[in-house]
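Chain lettering (A, B and C) follows the sequence in which the chains are written, and residue indices restart at 1 in each chain.
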Amino acid sequence: MTAAIAWARRRASAAASWRRMRRDRLAMVALGVLLACVVMALIAPLVSDRADFNAINTGDNPTHASPTGQFVLGTDGLGRSMALQVMWGARVSLLVGFAATVLMIGIGTLIGLAAGFFGGWTDAVLMRITDWFMVIPFLPLAIVLAAVLERGLGTIVLVIGITSWPSTARLVRSQVLSVRERLYVDRARALGAGRLHLIGRHILPNVTPLILANTTLAVPIAILTETTLSFLGLGDPSEVSWGGLLERAGSSAVKEGYWWEYLPPGLGIVAVVLAFTIVGRALEEVLDPRLRER
Amino acid sequence: MRASYVIRKLIGAVSTLAFVAVFNFFLFRVVNRNPVDSMFRGRNLTREQLDELTRKFNLDGSKWDQFVAYVRQLLRGDLGLSFRGNRPVVDVIAEALWPTVLLVGTSTLLAMIGITIGYRAGWKRGSRGDTVSTSLSMLTYSMPEFFIGMVMLGIFAASLGWFPVGGLEDPGSTATGLEQLLDQFHHMVLPALVLAIAYVGEYMIVARSAMIETLREDYLQLARAKGMRDDEVRRKHAVPNARLPVVSLSAINFGFVFSGAIAVESIFSWPGLGQATYLAVRGPDLPVLQGLFLLMSATVILANLIADLLYGVLDPRVMGR
Amino acid sequence: MSVLELRDLRVTYRTEGGPVPAVRGVNLTIESGDTVGLAGESGCGKSTIAAAVLRLLPKGTQVEGTVLLNGEDVYAMKPGRLRAVRWTGAAIVFQGALHSLNPVRRVGDQIEEAIRLHRTVTGAAVGARVAELLERVGLQGAHAERYPHQMSGGQRQRVLIALALACEPTLLIADEPTTALDVMVQAQVLALLEELQRERGLSLLFITHDLSVLTSTCRRLAVMYAGRIVEEGPSVDVFARPDHPYSAALAAAFPTIGDSASRMNPQGLAGDPPDPSALPGGCPFHPRCARAVDECATNDVALRVSGPGRRAACVHVKEAADG
């Protein structure tokens, strides 16, 4: 019964947040851009086949063709259509971005929950480790990790997850501490509620909105990191992301003036990252009452 | 300065450094059981040759023996041998150090203009200037630094020809003294600008939110009541307080600029640590990569320590008497 | 000439939720050398008045009516003139000394800054003046080197008083100067303020929620409720025989020290102060008033003369000849 009421209340507050966000026009445009990119990634297999990129099938195509009739975005040095590659690249970039975000939010939430809830030694040790990971420059760390592990999308996801969780852990921990302070958790504990029950029913629902906003802001970080790692040649050679396309283009395409080989994937990254950042900040503003006052 | 604060921060820095060193060992000798095998895979080496290489790179013996040897080596400042050309890693790094110091130093100084912009934007929050600079910051934040590099290289070097397309100086140049310096400066303009543009927004946003945090403080109201001009209130009362979080975050930002140099140096063929990292990844040359990782971590840890100590100087509440 | 004259002052804050009227037509005059107390619960608009006198309200706040400081309209001043009048025409002893002093600057610096700004004294005399001010408020010249966090709450409040005196203002506004202090320190700070007022013939506007404090410090008293003055008169009279039920409740809320009857039987004030953006109709106090009658819900009574030099805004007050 009470659970039903709690859910109804949460649904109502989610609806109110959505209404408030609807008023933010920029955020709505950004959301549109994101949807367009997701759709583009989803329909890539419908409009083309991966085999289109095999050298055997592109041998007859012109190489380094500028955007003209046959190829909307021109072709690269092997005669592969840039337009199709950008669509497929969106798939990989978004997939890795989302998966890595889930992993890093997962690790961060677990560690933050544990540190904030158990306190004492657990907290001290976990926060020390978090501090270490905060200070170590995370790109070099990601590079050495990716360098010693097998190449592949899974590795990239793992590397981003392992290197970028600390800020989420800190955020969740401070939220847990403030929620724990509130009276009703004490009341629940006085009634003899177990720890898991406390975390699941009282603490987690209260920290979820902020985790959500944090997630939206973490996706662009994950996508940017994936891009950089791929650009440095640490990506999956068989699954080319936007970063991978930039790597292939390299500075030679720039020097030769083949702008269609690096501008489209680069602008794709900028659009997605910018859109996620805008939506994330709008979400944060709607969900965090402290920010709303400003 | 209160000794306990300094000692606590020193211990923190040393423990982080120790963590990095142990992590480094773990990464290269435990996760990757025998680097030599993966390194020279497909090169048709005999078992004897592989064993020989294993001994040379200190990879024989038990993990514990290896660890002791690794720590001893590290304390001597010896980072081992590069997989390529049999050169000591320290030499490879030393060679690449100066160009990076020059590049990262210049672009950090340039990017720090963002702090001043951020203070002003936060002070006049919601104004046109604030909206414009915040939007621009979000835009540059969303661009990978190497993409900015590619675009700028395309426009200003490849198309317009205003700047050289890469390198530290003109190939085959025999210029010395001032002429050589000017040539190097000419080569540095683009990469330094790229890094500055990529990170000026970070500094700006940090400074802006620090300023907004102080906007509601009562002492600003008191300063206004005293009859101070608006910009004096900002400079003499708001900025000294907003500076505190900016100092700490600048150290983290410095780490970002340092990291950003990796990809940007490789685009502009700037022969610094970044390009060395890029080449070591391509190799792959694990000993060099290890050494670079240790050096970069140590530099950022040091930057954080300096920021912490500076914070203590700037905030009398930390140090007290 | 009056030091301060407020004529039908109205202040409306602009907020996301719409306009919030904080001060709704206040008339108040302070003659030279006079001491006036302004009392009321938090949110009644008393601190807004302090900020309004020096034009310190947030941008976009709507201010109507007239504020005359030494005969000059504060809201007609050019920026330069306004800055010159601030701290010399009127200075404020702010509440909450911990937050009113800049934590990263030495307190001496913060006093010196005001002196240099208005060139009250110049050159080498500035340091001596800072020391003199600190000594006058019961601190030592060496305290100038301290940072706010190195001082106690009482010491910080004394610094704020020294700071307010730095440019010898004609009017001193004390905005809840004793709120955060414990009772003993409160008494010391009050004694200091009274002493300084007598010694220098300062005009004083003393703002507080504690009516009992005002009786000894101030000659006249004005009680505010929901953005308006509901009772005014000589402070001893108002405190001893309040005409407005709200003044009576406020007076009873603070037991007189040494009076065991009031200590044994404290009479609190029921309910919360009204939300300024949604005031009840009629007399805004009627929902909390023990003596409310039907008429109170519809009739918002203006101030009427209730005795010699006294006025109150209540239906129970029978119009008397002003003497």
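In this text, a contact is a pair of C-beta atoms (placed from the backbone, for glycine too) under 8 Å apart; a residue touches a chain by one contact, two chains touch by 3 or more.
Here the structure is a predicted model, which means the values were calculated and not measured.
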Classify the chain contact graph as line, ring, star, complete or other. line
Centre-to-centre on C-alpha atoms, which chain is most distant from chain A? C
Ranking chain pairs by how many C-beta pairs touch, which one is first? A-B
Report the inter-centroid distance (CA atoms only) between chain A and chain C in whole Å. 54
Express in whole angstrom the distance between the two chain centres, defined as the mean CA positions of chain A and chain B. 23
Residue numbers in chain C touching 2 or more other chains? none
Taking the complex as given, what residues does chain B use to touch chain C? 217-219, 221-229, 236-237, 240-241, 244, 314-317, 320-321
Write out the stretch or stretches of chain A touching chain B in their complex. 128, 131-132, 134-141, 143-145, 147-149, 220, 224, 227-228, 231-234, 243, 246, 249, 251, 254-257, 259, 262-263, 266, 269-270, 273-274, 277-278, 294
Touch list for chain C against partner chain B, complex: 51, 54, 56, 82-88, 91-92, 94, 96, 99-105, 113-114, 117-118, 147, 149-150, 163
In their complex, what parts of chain B are in touch with chain A? 12, 15-16, 19-20, 24, 27-28, 31-32, 35, 125, 138-139, 141-144, 146-147, 150-151, 153-154, 157-159, 165-166, 212, 252, 255-256, 258-260, 262-263, 266-269, 277-278, 281-282, 284, 286, 289-290, 292-293, 296-297, 300-301, 304
